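Labels run A, B, C and D following the written order; every chain starts at residue 1.
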Amino acid sequence: MITSAEYLKRLQSMKPTVYMWGKKIDIPVDDPQLRPNFDAIAIAYDMPLEPKYQDLMTVISPITNKRVNLFNHPYQSTEDIRKKVDMIRTMVTETGCPCIARCVGSDALATIGITAYNMDKEFGTNYYQRFLDYTRYFQENDITAAGVVTDARGDRSLRPYQQPDPDLYLHVVERRKDGIVVRGAKASISHAAVCEELIVVPGRGLTEKDADYAVAFAIPADTKGITFITVAKAPATQPKMENPVSRRYAFSDSMIIFDNVFIPWERVFLCGEWQFGGGMGSLFGDFHRLSHCGCIPGRGDLTIGTTSLVAKYNGIRNKGHVQSKLVDLVTHTEMVYACGITAAVKGFKTPSGIYAPAIIYSNAGKLFESENTTSDIGLVADICGGILITMPSEADYLSPNTSDYMKKYLKGAVDAEYRIRALHLAADITITRWGAGQAAAEVMGAGSREAQRRAIHNNYDFEKREALAKRLADITN
Amino acid sequence: MITSAEYLKRLQSMKPTVYMWGKKIDIPVDDPQLRPNFDAIAIAYDMPLEPKYQDLMTVISPITNKRVNLFNHPYQSTEDIRKKVDMIRTMVTETGCPCIARCVGSDALATIGITAYNMDKEFGTNYYQRFLDYTRYFQENDITAAGVVTDARGDRSLRPYQQPDPDLYLHVVERRKDGIVVRGAKASISHAAVCEELIVVPGRGLTEKDADYAVAFAIPADTKGITFITVAKAPATQPKMENPVSRRYAFSDSMIIFDNVFIPWERVFLCGEWQFGGGMGSLFGDFHRLSHCGCIPGRGDLTIGTTSLVAKYNGIRNKGHVQSKLVDLVTHTEMVYACGITAAVKGFKTPSGIYAPAIIYSNAGKLFESENTTSDIGLVADICGGILITMPSEADYLSPNTSDYMKKYLKGAVDAEYRIRALHLAADITITRWGAGQAAAEVMGAGSREAQRRAIHNNYDFEKREALAKRLADITN
Amino acid sequence: MITSAEYLKRLQSMKPTVYMWGKKIDIPVDDPQLRPNFDAIAIAYDMPLEPKYQDLMTVISPITNKRVNLFNHPYQSTEDIRKKVDMIRTMVTETGCPCIARCVGSDALATIGITAYNMDKEFGTNYYQRFLDYTRYFQENDITAAGVVTDARGDRSLRPYQQPDPDLYLHVVERRKDGIVVRGAKASISHAAVCEELIVVPGRGLTEKDADYAVAFAIPADTKGITFITVAKAPATQPKMENPVSRRYAFSDSMIIFDNVFIPWERVFLCGEWQFGGGMGSLFGDFHRLSHCGCIPGRGDLTIGTTSLVAKYNGIRNKGHVQSKLVDLVTHTEMVYACGITAAVKGFKTPSGIYAPAIIYSNAGKLFESENTTSDIGLVADICGGILITMPSEADYLSPNTSDYMKKYLKGAVDAEYRIRALHLAADITITRWGAGQAAAEVMGAGSREAQRRAIHNNYDFEKREALAKRLADITN
Amino acid sequence: MITSAEYLKRLQSMKPTVYMWGKKIDIPVDDPQLRPNFDAIAIAYDMPLEPKYQDLMTVISPITNKRVNLFNHPYQSTEDIRKKVDMIRTMVTETGCPCIARCVGSDALATIGITAYNMDKEFGTNYYQRFLDYTRYFQENDITAAGVVTDARGDRSLRPYQQPDPDLYLHVVERRKDGIVVRGAKASISHAAVCEELIVVPGRGLTEKDADYAVAFAIPADTKGITFITVAKAPATQPKMENPVSRRYAFSDSMIIFDNVFIPWERVFLCGEWQFGGGMGSLFGDFHRLSHCGCIPGRGDLTIGTTSLVAKYNGIRNKGHVQSKLVDLVTHTEMVYACGITAAVKGFKTPSGIYAPAIIYSNAGKLFESENTTSDIGLVADICGGILITMPSEADYLSPNTSDYMKKYLKGAVDAEYRIRALHLAADITITRWGAGQAAAEVMGAGSREAQRRAIHNNYDFEKREALAKRLADITN
């Protein structure tokens, strides 16, 4: 396991092709708006090295027999899954960083392992050995990878093979002796600009005609032919008070264009087996929604703490309706966590030996969160009051023209400075592009609400419950 | 451990004073409308005797060193709590009986144990030994007790000591050498008419002036001076098709009047220690809400199965909006269960050694359920269609005048008989006095929504979260 | 216009074939469980005769030039629509009767008028004159008709012509010189057993192959070949306190079998014109949802009053959370009414000259109500407390064995008798088969939620709003 | 009536003391971030001058007997109120500008008129004449005023007179022969920096000890002693595609400090009559919530249009769940409008002759909107997909490095450019500081949810409904 400083050093020596705001970014981690994304990932390097977190955040790998970061370890037990949930929540709650980023690649890696094993059983391929080799490399080098799933998709009423432009889903354009060549684009890929590797899996169900779109692989981010078009979420300017979270930790998303990119066979984990393509997207979703059952409660901790604090500073903390709204924030937070814990406790062993979270609970937690995330902004705003939106800027607070007025008139049940700081924090997590974007991203992070509904519907044992109903109603058909 | 037949025999030899529908009921378990309440309890005697359920539903008691029903065992581990949740759900799901009844006394018993220990520490009393003795008796005889908590309450804006009539809360009217005499009434006591013992604890917070209202004890149901006024929920007449659940299993509730009832000291567990009175009510609530996290998912299984079946029989099972509504029923069900599992996993050891479920989760599960229970009837009704409400009676189905018409015209995607049976089942669990009563009872079973909100608010660690907010916002006060 | 006594007399001389509880009912209005349905309709005969309601509830008919009941008058202005909403709410609020029943036939009549006119324009038929003649008869005799819409439907994934049994939708089996013969069944027809006439329209969209299913007509309820299988909602026994609403006013629903029923041509309003069949069902829905925007607020008045009263009697009327829940009941009530008023104000003139309510608002009001109706039971239950479900019976209150106990211990902030009466009222409108059935019936009365969603979606001018979006975004396609 | 150009000219000659971003702004309307706020107000000058809007947006004033802008006309009929709702919706829907700004001052003016009349009746003061004189001036000069209501408030658990710093609520510090001197600050005052006049009323209920805080007046914005600390919502930089709404129309909010400001008596409308202070805040709220029932539906039009367009461009417009979510947006929009229309239709005449909207409906509409506004962002985000949050910037779209990639890979069911534009529009109204701020501002614009709940609770006729309940339940107390 390495430190974040060592990871930083490796990233500084990489040369991915990244564009942002219309310009080429030479070394992403040195860009002031991408650095907070690196700083988020850094948490997941450094906290596990602290002795007090060793048990929660690291594990002896059965592959390397060495201690590895839990993020890089396909689960070997339900307890591993439970630890993942608690590790992610702890990282978020301790730092206030809403997203620790390393889960995505981790979830893609497990997806590949489980599917590789099943494919080998069905087709006699040797994907699982490739997966083990890649995982060994991954663990030994303490890699952070982006999980690269969603395609450009074009007209979503059409299947991949039906698109007028065949490149709107990533596909194999050439099969060589030493590897394959792929073309297409993946969209909405979080953190990719500060990751070392890309783990790519298909993003939707496929038919036989889509066989060329059944492709999964892992590849360094600076591989030839790969272009990132990136958008950073960190604020362009960073006043001291106004961006207490987003100046510390913030993310980026990338469109990734694959322009005839060569992938050597040892890095290919699916190539043409369309029957398994859709399953990879679903499985990734089930894993990744579990990860959200860890980070969302951590974000909830910050939201609850901030809102409770502002309520105090406004002098309304003991009002019945305020307490009731805080309880809403608490239950929204803790029920997502409860889904995560239960998805772990009820997790199951796949044929590969890798454990997976119980699908119903990881999806229910994510769906519940998706359906409350923007609505909760309303609860926060209601408690903070109009001043959340209308507060003068930090510059006015610092200006001699207006500072005294603001100190006098923005006093609450506490000195103005504290109230102003707490309100800026509340704004940063709700109504800035950063905060509102976070909430909206949660609506379809790890898939849309409909994706989660389908996952729940298609995996729930309705027949068992219908049998109970029939028995009671004396229905004998 | 005894069988339900043995329990029945004991009940038939008891002579409680029970009135119902204006008449005296001599042997409640022989009354056709109270018998289904006994039959619900019987499940909790007989299933644990089945070998396949031994591990889930029984445990070796550290008090008796013998195998006892898990219901009669104050939890000794978080695993015991988890088993309780799964035991209750299993009993409900396997039988379709919505409420297994033995949990209430079980939750009251644990409440007494935990509080007794704490009181002894504070006041040097010897309640805990009495608790152990009573628990030994309870386990050795495999008792079922009612949990008797809610007082008559009168004008709820007044404290007990402020009521014009001092009897509106149960209180001590005399302290004798051999015991105490109590007077007052408890209301809304479920299943009491078919229980052997009553375990009585205070139902609300108390002040010093309320000291006489701080009283807890356990007593046989046919103790002199006790009168039950009971209301049964089983249907008065029991056609074959129309009441598939409620003709099998149904409940009763009782007002219990204590008219100068003598309680020997060895059965008294609180007497005047008003500081601990309110805590008992809260603790009982926390335990009992956990029990609901087991039975509600079981009821959900029946609701989901019934609704899915009717949708099939109506020919609309594969419509998107129907599937979406079924997923709502699933998430409402499984998130309550997830709260129960998490309340168990995160349970904690009290000073007495008895484990308690994590308060936030048992309350969140119950609150979530309370806020969805009647609304879910709407989802069921929407899928079943107007015929749920308007279907002709079983008598018309059986009558030669109309039977052929109903067989012809109530056909769906299945023969009319199956559809009619499934619709009667749907009606029985939603719109009959039984079904609608069940839903409404869930709104404030184990306390009102506000009670759960208060429990969550008062037990959540807001300060920890405020500290995080302060750290991020550089607030130094 | 006639009195309810005159209407009663007419009904007593009719001989419809009605079965209920497996027996033939000779004179429905003399049956104790159907009489409360008649009593509901009676309101709509008698209140309009009171001078103070003349302006609101009657109108000079342009057909007869005489004063007629507003229920029997196809709207000639938006003001007529507004009056209908206010008339219905007034009738419900003044009497506590949740459903006045005459609206259904009224809505079917207007549906026929509008469609007849349009068909005549398109096909050169003479339906509109038949409609005028029938309406004259209807007004001159002050008729009450059932609106007969929903077919038996069988497997709902199949169209009428696809059903294995062609009778599962009502259809024309013979065209004669003097009329037509129809066969099939209509289900879930409210109040039909105490109506004089049946106005029948198709219940769904039709294709050319369904042409025989395109049939609309009006016919006396005791026409040969018609059989009612009826289910009454009034309680079988009628204690004084327990059924304060349902012993006064209650409804019935009928399946109506048409077994080769002859309809003379002058009573036929659609016969084979499948293009207009589906439109009639939709139009009826739009009209009938408007009627609900009147009765639902009236029911809300009773729910709000009852709940507020119980809260007072419990001593919790001034608690913040109680007031907040009452406000929820108020807004749920008044927003439905606001939709009704707005549907009236924004109503439009159809080519026939008959006015129709604005589709978006009549549907939005009904949908909103459908999505809150059962959930509101939870609000009522939460305020009433567990005693709503667990209260001993009226018989116990009257019995000398238990009366004193109940008088002493069911006192609240008011004498026990008042509290008990208020709680029985609350139970009657929420958890009895009557009350819970009412709520569930509202879920799909006037069509399912999905029907309303489709109506809104298909009638909303999305293009106008898209044009605004395009203009702002400089989109020029 | 003047044009916006004339209004602009007047504003350019005013010299208010405005600070923003730490600097003094000499002429607010010339500041690029405040100009879009002026442009919003300009709509309300120019549209009423168009002949086609004359009937809807102007009226003959009974004070001046000349045609005036409807915004400057205290309602003389329910029809005036209805027109206000439709005028505001029309202005918003036609331009896409979410807030037309002139309503606030208009609502404050009517508040003063109604209260002045009532005070004169009670105390024999002559405020109403002053109101008439001021209104004449207001109409003749076609003024735009800010409505200045909310005080700084300090610790909100304390009343004004209890605050440690007496200036935390605006108050009278001196009464002179020619006028009064006031000190304090008002917070969260929308649009104030581009208004000519400030109309100031108290923001909360007052007791006798708060008499000095009972003060209302109107004064030019550049009166000596007034300082604005302003925050603008327009984007600092204005790319062509990214800010399609906010580069055109955007708002500002100001804290306004009154540092010993002199108000001549003829401009004072309340001074010490504490009994009427709280009523002014409530009345302003009732009026202003009605205004929201006009603008919110207009915003809804834009949200619906944008979302429907993006759904089309994504190729998912005909999916059932997408249509269902669009229907949610439609009902949320149209039910607010229905409340506005009904508040107008049911409006009432105050003793002054000025009409007021029906309190229940204006509050219900606003409350409903407040409780849906941020949750609706989730619906929009869910339909738009992750690309809403993750789309590369306009600069990348224009850059030769990345433009071709974006054109190729952001194609949907339409050319990439249109899809990108539509998505930028969706982002501008939901997740930018502007869009998210709009939504959050709606949560407590015109008062918090609790304020609306109190208004509804305190104005609803519960007794009438309780009387109905008593009548049915035979309760005779």
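Here is the rule we use: a contact is a pair of C-beta atoms (placed from the backbone, for glycine too) under 8 Å apart; a residue touches a chain by one contact, two chains touch by 3 or more.
The structure presented is a predicted model; accordingly, all values stated were derived computationally and were not measured.
Colleague: What are the mutual neighbours of subunit A and subunit B in this structure?
Modeller: Output, common partners of subunit A and subunit B: C, D.
Colleague: Is the contact between copies subunit A and subunit D built from the same residues on both sides or from different ones, judged by whether over half of the numbers are shared?
Modeller: Same residues, largely: of all residue numbers at this interface, over half are found in both copies.
Colleague: Comparing C-D against B-D, which pair counts more contacting C-beta pairs?
Modeller: C-D
Colleague: Please report how many Å separate the Cα centroid of subunit B from that of subunit D, as a whole number.
Modeller: Here subunit B and subunit D have centroids separated by 50 Å.
Colleague: Which whole number of Å gives the spacing of the CA centres of subunit C and subunit D?
Modeller: From the centre of subunit C to the centre of subunit D is 40 Å.
Colleague: Can you list the subunit D residues in contact with two or more other chains?
Modeller: Counting only residues that touch two or more other chains, subunit D contributes 319, 321, 324, 453.
Colleague: If you look only at subunit B, which of its residues touch subunit A in the complex?
Modeller: 82, 93-94, 96, 240-241, 244-245, 248, 301-302, 304-306, 308-309, 312, 323-324, 326-327, 330-331, 334-335, 337-339, 341-342, 345-346, 360-361, 364-365, 367-368, 414-415, 418, 421-422, 424-425, 453, 456-457, 460, 462, 464-475, 477
Colleague: Quick check on the complex: what are the subunit C residues that touch subunit A?
Modeller: Interface residues on subunit C, with respect to subunit A: 319-321, 324.
Colleague: Note which residues of subunit A are touching subunit D in the complex, please.
Modeller: Touch residues, subunit A against subunit D: 19-24, 150, 152-158, 165, 167-168, 185, 187-190, 227, 229-231, 253-255, 257, 314-316, 318-319, 321, 370-371, 373-378, 381-382, 385-393, 395-396, 398-399, 401-402, 405-406, 408-413, 430-433, 435-437, 439-441, 443-445, 448-450, 453.
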